[in-house]
Each structure stands twice: as structure tokens, then as C-alpha cells.
Amino acid sequence: MNVLGIEGLDAGYGDLQILTDVDMTVGDGEYVTIVGPNGAGKSTAMKSVLGLTTYMGGSVQLNGEDVAGADTNTVVSKGVSYVPQTENLFSTMTVRENLLMGAYSLDEVPEERLRDVLDRFPILEERQMQRAGTMSGGQQQMLAMGSALMVDPDVLLLDEPSAGLAPDLVADMFDKIDEINDAGTAILMVEQNAKEALRRCDRGYVLVNGENAYEGPGTELLEDQEVRERFLGG
Amino acid sequence: MAVADFLITLVTFIAIYSLFGIGLNLKFGFTGLIDFGHVAYFMVGAYVTVVLTLPADAPTYGGIGGFDLPGLFAALGPLGSLFGWVLGVLGGMIAAALVSLAVGVPTLRLREDYLAITALGIATILNTVVKDEDWLFNGPYGISGVHKPLVDVFPISLGSFTVNMAVFGLLSVAIFGYVAYWLVNRFRDAGRTGRILMVASVGLVSVWYFVMPVVDGGGTVELTKNVLWLFDPTAGPNGGLDYDRFVLLLSLGFLAGGYHWVERTINSPYGRVLRAIREDEDVPQALGKETFQYKMQALMFGSALAGAAGALWAVNIGFVSPDQFASTITFFAFTAVIIGGTANNKGVILGTAVFWAIRNGTRFIDVPSQYSIQLAAARLILIGVILMVILYYRPEGLLGEQDYDIDLPTSLRGGSDDV
Amino acid sequence: MVDAGLLDATVQGLITGSIIAGGALGLSLIYNIAEVPNFAHGDMITIGAYLALVFNNPGEIPFLPAFGSAPLVAAAVVGVVLAGVLGATYELTIFRKFRKRDADIITMVIVSLGLALVLRNVVLFLVGSKNIRYQSASVSNTNFDFLVTGGGMTVTTTQRQAGEVVTTGQWGYPWWLLVGGLLVAAAVGYGVYRAYRREEGFDTVYLVPPKILGFTVAAATVIGLGAFVQLAPQGTDPIVATRIGLSIKHLTIIGVVLAAMFVLNVALKTTKLGRAMRATADNMDLAEVRGVDADRVQLLVWVIASMLAALAGVLTGWFATNLTPNMGFTLLLPIFAAVILGGISSPYGAVAGAMIIGVSMDVSVYLLPSHFATYRVAVAFLILIAVLMVKPEGLWGDV
């Protein structure tokens, strides 16, 4: 059974429909990327899993359970965790409090997992009591991801994790994501940096104008002539 | 009192408050400035005009002035005193604009909710100053014996009773005819709900105005009085056009002038910038417009209009006192503007009319005087509820935002999200 | 006879500030978390005061049978609870609907204005406009005269009993005790400050800011020493003398408000729900993504804020002796000034802002010629405007 299954999804914002009949799956432990031009609906597809868009038709399933159109705050307990592209932190709260908020949907604070996250992102341990808004861009991204991992999700949704990062930090970011995936968490990632994303992922989807255009293993898409010309700059 | 007289008083109030509301609409509806202190300019306009036109030795007045402008110009001829009064009104408008300039400097750069509160605070401070500083404008006692322009000329009589009745009566009917014509045109343009509303309200008013007087025992005399409303049979020996009716016409004239002036501004490229500022101040700023100056000018213009309304108010009531200018007046104006249609000048007039109809219409409900407080309170509860209901179900007001000659670019009208 | 001076005006200001703080605590919650600049807050205070009145002095209210009266404390508790229910109603019937529509801040302001109109006139409708008071035990005012003499300081307490001014106590502090005591207090305060303060460096966040804790402990030490170590009077020939008037009423009001502030702060900083509230204030969408039921949080915010407003109303009614339908609305401007001054986002900031406003209101009335007494509220405003011109985000931002 797929961790995440999207079938025939129509979605948008208010009266504006962005996605038409979109299909996507993420298997257990898979690393899947969504690439495509601006305005293609990549983020919309991701947000639809969280109930942050207007649901217009089709199905969205998490571990077999239908969550299309569900309330946003109920979705996190069904195995999915999300890191938005912007405003992905509680900037007035401390690093530690952000991590605790990551575990909000759980009955108890998972001390072990907190330990794991701090081990994975040592910079966060140093700055536990620091106000999140005063950290640098790279550190904030670490915290955002760490918070999302506090629920030990089956699938982690990342919306353009490299956006706004200094170039030398981008590789580190992708390495971290590889680490997380190797530890067993499925990844669904929207990325503008298509080359890097397709290189590292297991499978990729190319969305154009709110519809499926291409799909396949990352390496294949990377080699495909049409894909290269249209989206990877030849 | 004939129903006609009541209606004349009511319409005069509506005209004055509409002018006040149009000034507010310019600030709030078109430029997006929440000025909770708007009533301060109403007060400044009223007081300054009164003081400029008060005779120098007015009895019981211990404040600054009586500058007696009408007296000064009376020597120039019969219309000299009127000219003096008009100068007084201009003085009041300029004073209101200058006060708003002083208010705008510290407040216009603040974010909108802080602007609202500081404007309210400043208006409260100004009201306290006027109320407590006796040497300024007579303090809490107010100023009575307000100069009424051309009051000696009235009632105007053209000779005999019959001539008066004929001439003014004909004018009255002509005006009714024009109003009916205008209503029919609007009826044609209106949608289904609009039509139902219009038929209901016009029907109710007509019954109340034309039918009830006959039924109530007044017979055809009362009906005639109502139809020939411009003609007051009791004014002077031969009847004629009395002063109250003149004030009504004066107020309507001011309202028409203010309305026209604002309409022209809104429909010009200048007005377009104001509307752009309302939508998103960053955009015109990025295009190199000094948005602060535009906001300040809108503030001053709107305040000047409020000042003019204040001058009319003083003439209408006959005296001014600080208690007439409490902060709740601003909130009532906001209610009227929102009910009728924010960013719609016709809507302001409609909203003001609705508001006053509710406020004064319920005065007809016969209630023992011991419950008068309850009745007043119930009225305000109703208005509060209507405000919330309208904001929810029809936030653009009854008439919605008006159409403009020059539209904003589509990118500014309602944003679009990143996908 | 010793005259009440600047010190007394300051103490009065602290009490005024406490009353404003009661309102500011609730308003800061609504302003920050629900993002509604709540112009109905003053009238929520009024409603709270009158709710307690219903149970404490029902005879004064028309329409109600006089069913006996409860002591003010019990009536206050019931009133506060009922106010909480009303707060839930406001959220469920009004503000939730507008929030679902993504109403902007201007709309919320005007909606709250509509609610204010309704609340104020409901009170007017049901109760009328006459002055009413609570039935409560009368509390006597004690005057503390502080005389600085050659030998040290003498303190005389007097009260008005049965029409006569009676001296109820007299003691003193020699110079060595005064200086020594102050030094001890300063040392204790500083010690607490150092002990409580963690490593500096990363904008650490405390339950109570260490400087304030140190200062409070020092002040408490001074008062404690002064209360327990009372020696013989040091003569009655004053070099300098001043008087302050205090009563249990004053101390209760200050105490209740400070307690509420502390409890609220602890709840917000240490409980899971408190964190959820702060998270919602910070980033409502992200809070939802992390599992917070934002609707439930907002409901809680309105309930708590209404209860705080009701508490402020009871205290105001008790302090001012009379209740009028306008009592809350007249507090509205100083309360807004306090919240904006202190920074919307913290209970401490709101209370600090309120104290500043309260003290400046009463001290300026004291300093200015008596003619200017009516400008009391205007002073609050002038301060707010002055601060906003220099620092548009308020004095503290985030405490």
C-alpha cells in the first residue's frame, strides 16, 4: 500500500481551479520529486494533501485512508508532516518550543525522538533557547525540518527546501534529506532546482499547467531529451 | 406639526450627515484611512464658522472672537452678509483641514489599526479641550445665537397667499415629479432584490406621507400641506417659503457641491492613485508616488467637507456645544457609510438616510416616557446588529462599490496567490 | 498635617494602572491571537461588572426580583464565569464567521464596534442609567505619613474612625537601619538576579525576566524589613514629609491583577495549550499544519479574555464605588494605549504599559494645576502618540 496516493485530483483556491486530474503516488520509504515550471501547481498538489486548498474532486489517501477535504489539523496525525516554503517557523518562539510544537499532535512529548532530531541537527541543540526568528536562513530550514520530523511521519512533504539558501548550503540540505530518507521516511519534495532533485530522488513527476506531463525514475527524466529541453535548460 | 415639516427637518439632517459621510468616505472608502476621529473636524468646522460669523459683542459669550464677518460685509449690499457667512464657512473648512494636517503628521505613517486609535484619541483630546477651556469657545456652555445667513429675508412671500401657494406649490410638485422620474429610472436598472426593496420603501414612505395624514383626521388640508411642501401656510401673513425650507435647500446645495467635487476627484487619475493606495500602498510607492502626500491630501479634503457639514449643522440647530460632537458620531457615520456602500457616494447618502430613518422613525412608536431610555437603547442595539449583519452578508454595502471612469489595473484589484 | 505628595500620586497611579492592566491583559490576548483590535473590550468590562451586580445587589436592577444578595467575592466569581460563556458566544456567533471569511483587520475593528454598541445598550436597556453600587463591606483608608527627621524616618499611621482622625501606629527607622536595609535589599535582589539569569548570548527566554525578578525581590525585601523591623519613632520634626493613602482595597486590586498576569504568563509559557495559543498568534496556518485546532484555541482566547475583562469590571466597580453603563467605554482608550505601548504580544508588556499609563495619568494630574484634571485620559494618549512616533511597534515588542 502506498504511503500517499493522489488520484484524479482537482483542486485550486476558491473558484480558481489549478489542478486537473492529477495522479501521484509515494511508496513506503520512497523519495519522490515534483518538478515543473512556475505556476504549474506543484505546491498546490502538496498543499492539497494538507487540506490547505479548495478540494474539487478526486481522492487523496494516506496509508489507505481518504483525507481529501479534511480539516488541516487532523491530517498530521495520519502520518504526513509538511514543511512549507515560507513562514515555516514560529519565529517568536524558541528553537525548543518549535520542536515541541512539532510534536503537538502527540499525546506526550517524545523525548527519544527529540534526542534523535537534536542529534541529526546539532546546530539546534546548541541554540535550543534561541528565538527562532533570529537564526540564519540555513538554520531556520534545519529547524523547520526538525519540527516536521518530531511526529516521525510516514511521509515528509518538503516545499522547495533549497529556496533562498546560499549555494554552498544547498548541497548540505540535499544531503540531510538523503539521510532522512535513508532512515526510512518517505519524501515528497517540490523543487525548483530540478537537476539536483531529479538526480537524488527515486522517482519524479513533472507537472505542467496543473496536469501530469511526465513521470518516471529520476535518472531517466534527467536524461530524457524533451524534459531536458523544456525544464532543465538543455 | 405637519408631516411635511417633520420630513423637512429629517431631510435636512440627512443632507448634512451625508456631507459628513462623503468626507469620511473619501478618507475611508476610497483611500483606506480609518479615521475614527472624523467628528473632530465636524466640530472644528462648526465652531470656527460660528465664531467667525458671531457678532463681536455677542451676549453670554466669553470666548475668542465674534469676528462678525457677515456684519463686516453687510455694507456691500444685501448679499454682503451672505458673502460674509460664506467666508466664515470657508474659514471653518480651512481650519478643519489644518487641524487634520496636524493630526496626520504623527498618525498617517502608522499601521491602520494604530491610526484608528490615535485618531480617536486626538479627537477625544480636542473635544476635551473645547469643553474645558472656557476662554476658547465658551467651554461646556457652548455658543448660542449662531448667525443664520439671510434669516431676515425669510419668509419669502410673493404677494398674496394664492400666488405664494401657486408658485411654491408648483415648484414642490415639480420636484416630486423629478424625484419620481429618477426613481423610475433606477427601478429599470435595478436587479430583482433592488426592485423589491425600492417598491417596499417607496410604498411605505408614500403611504406614510400621503395617505396617513388624510386617514388621521387631517383630511385634504394635511394632504395638501404635504404635497405642496415648499409652501408653508403659517409663515408670515401670506404664507411663503420659510427659513427651515431655505436651510434644507442650502444643505442640499452644499451636499450636491461636495458630492460633485468628490466624484470628479475620484474619477480622475489622482483619484486612481488614492484607490491604489487603499488596495496596496507598496505598489504606487514603488512607482514613485509619494503616498504620504496623497494620504494627507485625502485626509485634509475629507476633513474640509466635514467642516462644511459642521457649519451647516450649526445653522440648522442654532447653537453649538461640545456634547454634540462625541466620538459616537463618527461611529454612526461609519455605520451609515458601510450600510449604504463603502466607496460609493450615492451609497453614503442612502446609508445615511436609512440610518436616520431608523433613528427618527422609531420616535413615532408610542411608548410611556419612563421607557424612553429603553427605546433609545433598543434603537442603538438594532443599529449595532444591522452593522454586523451587513458586514457579514453584504460587506460592500447595499449599493456596493461604485463604478469609476478610470479603473485600477486588474493586478491591483484583488490579489492572486502563488501556485 | 502632612500633605499627600508625588509619592501618593504615584501610588494612586499604580492602582489606576492595575485597573487598566486588568483590561489590557484580556485585550492583548484578543489583539494578538485572535487578531481583532477589540473595540468592544470596554463594554465587555462593563458587562462583567453588571453580571456580578446581578448576584450581589439584584434589588437595584429593574426587571429582577430581589432574591437576596451574595457577598461580592462569590458574585464576582459567578459573574466572571458567566462572562466566559458570553465570550464563547461572541466567538461562535460573530468572530468565527468573519475569520472563516478571512476578514481583514479593518472589518474586524468595525465588527467589534457593532458589538460594542450592542453590549453597551443592552446594559442601558436592562438597567437604566442611574448610578448603582455593589453591596460590600466598606474598607477604611489608612494614611501613612513618612517623616524624614534628623534621626532617621518616622512613620505614623492614621485612620478616620467614627468621624475622628485617630493615630493607629507610630514607629521609626534610624539612619543606620534605613541605609543598611536598603543595601541588604539591593544585595538580595542582585543575588537573585545573578542566580536566576542563565548564560547570555542567544536571546534566552524566561518565565519572569531576571531584572524584574531581582527588582521585585529587592522591593519585597524593603517592604518586609520595613514591616517587621520597626523601632522607636525618630522624632516628629520633619525635614521632608509625605503622605500616602492606602487601603486593603488598593492592595487587593494590585494583588489580583498581578496574580492574573503571572498566572496567564505561566500558562502561556509552560502549558501545551498555552504554547498552542502562542503558536496560533505567531502563525495560525502553520499551527494548524502541526495539529493545533485553531478554532478551539480562538474559542479559548475569547473565553479567557472575557473572564479577564469581567474581573477588571468587578475591580473597577468596586474601586469606583459606582457602576455606570459607560464605565468600560471610558477605560477603552487608556487600555488600548497600554496594550500598544507595551507591545501586543505579552501579558507582562500589557501590564507594564498599563502601569506607565496609570502612573503618568495620576502624576500629571498632581503636577498640573487643578484646572487640568479633566485631561487625565488625554495624557495617556499623548504618551502613546509620542512613543508611537519614535517606536511604531511599541516599547517592548516581545518580553
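Order of writing sets the chain letters: A, B and C. Residues in each chain are counted from 1.
Note that in this section a residue touches a chain if its C-beta (ideal position, glycine included) is under 8 Å from a C-beta of that chain, and two chains touch if they have at least 3 such contacts.
Everything numeric here is computed off the predicted structure, so don't read it as measured data.
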Pair with more cross-chain C-beta pairs in contact, given B-C and A-C: B-C
Measuring from the mean of all protein Cα atoms shown, which chain centre lies nearest? C
Where the centres are mean C-alpha positions, what is the separation of subunit A from subunit B, in Å? 57
Find the geometric centre of each of subunit B and subunit C from their Cα atoms only, then give the gap between the two centres in Å, rounded to an integer. 41
Whole-Å distance, C-alpha centre of subunit A to that of subunit C, is 46
Which residues of subunit B touch subunit C in their complex? 32, 34, 106-107, 109-114, 116-118, 120-122, 124-125, 128, 131-132, 331, 334-335, 338, 373-374, 376-378, 380-381, 383-385, 387-388, 391-392, 395
For the subunit C and subunit B complex, residues of the former touching the latter: 37, 94, 97-98, 101, 103, 105-107, 109-111, 113-118, 120-122, 124-125, 128-129, 333, 336-337, 340, 371, 374-375, 377-378, 381-382, 384-385, 388-389, 392
Touching subunit C in the complex, subunit A uses residues 50, 52, 71-74, 76-77, 82, 84, 87-94, 97, 100-102, 104-105, 127, 129-131, 134, 147, 151
Residues of subunit C touching subunit A in the complex: 198, 202-205, 272, 275-276, 278-279, 281-283, 285-294, 345, 398
